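One chain, chain A, appears in both complexes that follow, with chain B as partner in the first and chain C in the second.
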Partner chain A sequence: MVIFSVYLVNKAGGLIYQYDNYVPRAEAEKTFSFPLDLVLKHHDEKVVVSFGQRDGIRVGHAVLSINGVDVIGKNTAEGKDILEYLKDASNYPVSIRFGRARLSSNEKLMLASMFHSLFAIGSQLSPDAGSSGIEMLETDVFKLHCFQTLTGIKFIVLADPRQSGIDALLRKIYEIYSDFALKNPFYSLEMPIRCELFDQNLKSALEIAEKAGNFGAGS
Partner chain B sequence: MSRQSNRTTDSKKMNSELFTLTYGALVTQLCKDYENDEEVNKQLDKMGYNIGVRLIEDFLARSSIGRCQDFRETADVIAKVAFKMYLGTTPSVTNWSPAGDEFSLILESNPLVDFVELPDNHNTLIYSNLLCGALRGSLEMVQMAVDVKFVQDTLRGDNVTEIRMKFIKRIEENLPAGDE
Partner chain C sequence: MTVHNLYIFDRNGNCLFYNEWNRKKQAGISKDEEFKLMYGMLFSIRSFVSKMSPLDMKEGFLSFQTSKYRLHYYETPSGLKFVLNTDLSVSNARDTLQHIYSNLYVEHIVKNPVCVLGHGLDSELFSSRLDAFIRALPYYSPRAA
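Let's turn to the complex of A and B:
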């Protein structure tokens, strides 16, 4: 029973807070010798596997680190292009970690504003007037819950589909926001939240929600 | 655990006299700094506004009240829930205008003005103007533009303290989706 992440979106659709609570499970580190039997290609500023699947490395996985050092986009930590590096036999044997590419913060910002626009579609598609926006989005891997306050701020939680008690958690996060973000006089409204106390209290609220969810039917 | 469980009844009590003293210190310092009652009134209104825009989220988070359908409901919620929650007093809602867009809040007690007397040289000072700004700011965050002012003040010799609230319009920009 896991809560994967929390997103806070302000009135204008901008992401003001984001927290990831999950550890990506599908990662594989392997040592390779020349020549590399996986076909790699550039995709979206990352190097991903386009063909070749073995030992937990799947098509679509990105190169996360080489020889233990995290890569930066298409280049190694030293700035060398990864594909060039891997074509050179003298660099082998090399240990590469593959995994599902994590979203960069820019991508998260874009996705949050896209969700903000899609949220409105929920109320526009409604056959009756007075419908709320999108409250839940479900896939086979996660469920996205969204709560919009009367003032237009959206609290979005991505959790395991079987996790219960998310409504209470959303209200709790609203309380934590009204306490530790708003009552901090140095926090300006609608701006990204950088308050330690908010982070801490949010994390403990998530832990409590995760533990409570284990008992099955929560609130 | 105690912080997370009983927040709806605000278990942290504070000495209300300290609150009165703090507010008093604030107003007297503003008077010294600006030396002009009108200017002080404006500053109190501005400060109240900044408090209001933040306080509304706290209010909504704790009271779980939904959107009010009309101004009468708004008046009731303000008087019976909001004032009770934050100032511990319940004003009465009276003097509705025929069009239903103006009403008065009559406060029997105002914790801001315990022990306070206005001297003669501050005749035009609206001591509790912070309240007006706060009401204006919080309603603006729920898409209601209102005009709030004191029409009677016990500090200035009237019998009761009366706040007049007038509904101006619904703010249509940046309406949260799903609220038409």
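Let's turn to the complex of A and C:
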């Protein structure tokens, strides 16, 4: 029962705070000989598996490191193109680590803005009058909870589907935001939050929520 | 406890079927635009979810809820998308949507030699059976709560 991450989005849809509490990294490192039995392709500045799922290496997993050295985008650490490198038989046997690609901060910004728009469309397409935007989005591995305040700030929490007490947690994060970000005289509204006390208190609130499974007394 | 409406989209984004039972508020745009917006929203949600997900997913996006309604989603391996809007009391309509696909769509549309896949579904038998099925659901009541 775990809380994966917390995102804060301002009125305009820009990401102002992001915290990854628990990032499960399922990675698989294997040694391969020529020819490579996986089909790799370029996708979004990364090299991903397109076909050939086996042994913990799934379609969509990205190449994370070659022979123990982390790759940089589409190239190895020395700057050679990965696909070219792997076509050359003299480079084998080679040890490659595959795993889910980590989100870069740019990607997180884009995803937060994407959600901001989806939230609004969810409200527009409502078959019933007076609907809010998307408050909870469910998939088979995580649940995304969103709380929008009256001032338009969205608090987004990604958690395990079975985790309870997230509504109270969202309200608690709002309290922490107003106590340690808004009351901070050096913090400007709608800007990225860089307040130490906010970080500390958020972390402890998440710990309490995970342990208790049910946060907050009363209401 | 009620079902608001149902959309069926094909893999190219064309809306093959739409029916409403208890819709209280129209979207304020034409039906064509609404279908495009709905498909676009689902496409974006699927892409969003696959990037955001901390673990590898098997089934992907299942449903979302707002303060007033819940949208249930089911996609077949052939790219056919079934979208059902219900009120908040319905927690899981995946089996319903799967039933609509395998017992109604496949039986009455795919196996119908006259129906051209990819265009609007104009099989009356399909519409009437679907209507009867929805009305017979345990969580459907003609007077919305």
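Here, the second predicted complex is superposed on the first by the 205 of 219 C-alpha atoms of A that agree within 3 Å, B and C clash if a C-alpha of one lies under 4 Å from a C-alpha of the other, contacts with A are read in each partner's own complex, and residues count from 1 in each chain.
Please note the rule applied: a residue touches a chain if its C-beta (ideal position, glycine included) is under 8 Å from a C-beta of that chain, and two chains touch if they have at least 3 such contacts.
Remember, predicted model here, so these are calculated numbers, not experimental data.
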Three-chain arrangement built on chain A, chain B and chain C clash or fit: fit
Touching partner for A:V23 - first (chain B), second (chain C), both, neither: second
Which of chain B and chain C A:Q148 touches, first, second, both or neither: first
Partner chain(s) touched by A:L103 [first = chain B, second = chain C, both, neither]: second
Chain B versus chain C, judged by how many residues of chain A each one touches: C
Touched partner set for A:D179, first chain B, second chain C, both or neither: first
First (chain B), second (chain C), both or neither touched by A:S123: both
Partner chain in contact with A:G68 - chain B first, chain C second, else both or neither: neither
Chain B versus chain C as contact partner of A:M136, first or second or both or neither: second
Touched partner set for A:R58, first chain B, second chain C, both or neither: second
Nearest Cα pair across chain B and chain C, whole Å: 10
Overlap of chain C and chain B interfaces on chain A (superposed complexes): 122-123, 129-133
Residues of chain A defined as touching chain C within the complex: 4-5, 22-24, 26, 58, 60, 100, 103, 107, 111, 114-115, 117-118, 121-142, 144, 158
Touching residues on chain A, where the partner in the complex is chain B: 11-12, 119-120, 122-123, 129-133, 148-153, 171-172, 174-175, 177-179, 182-183, 189, 205, 208
Sites on chain C touched by chain A in the complex: 4-5, 20, 22-25, 27-28, 34, 37-38, 41, 44-45, 48-69, 71, 85, 87
Contact set on chain B toward chain A in their complex: 4, 7, 53-54, 56-58, 60-62, 64, 66-67, 141-142, 174-178, 180
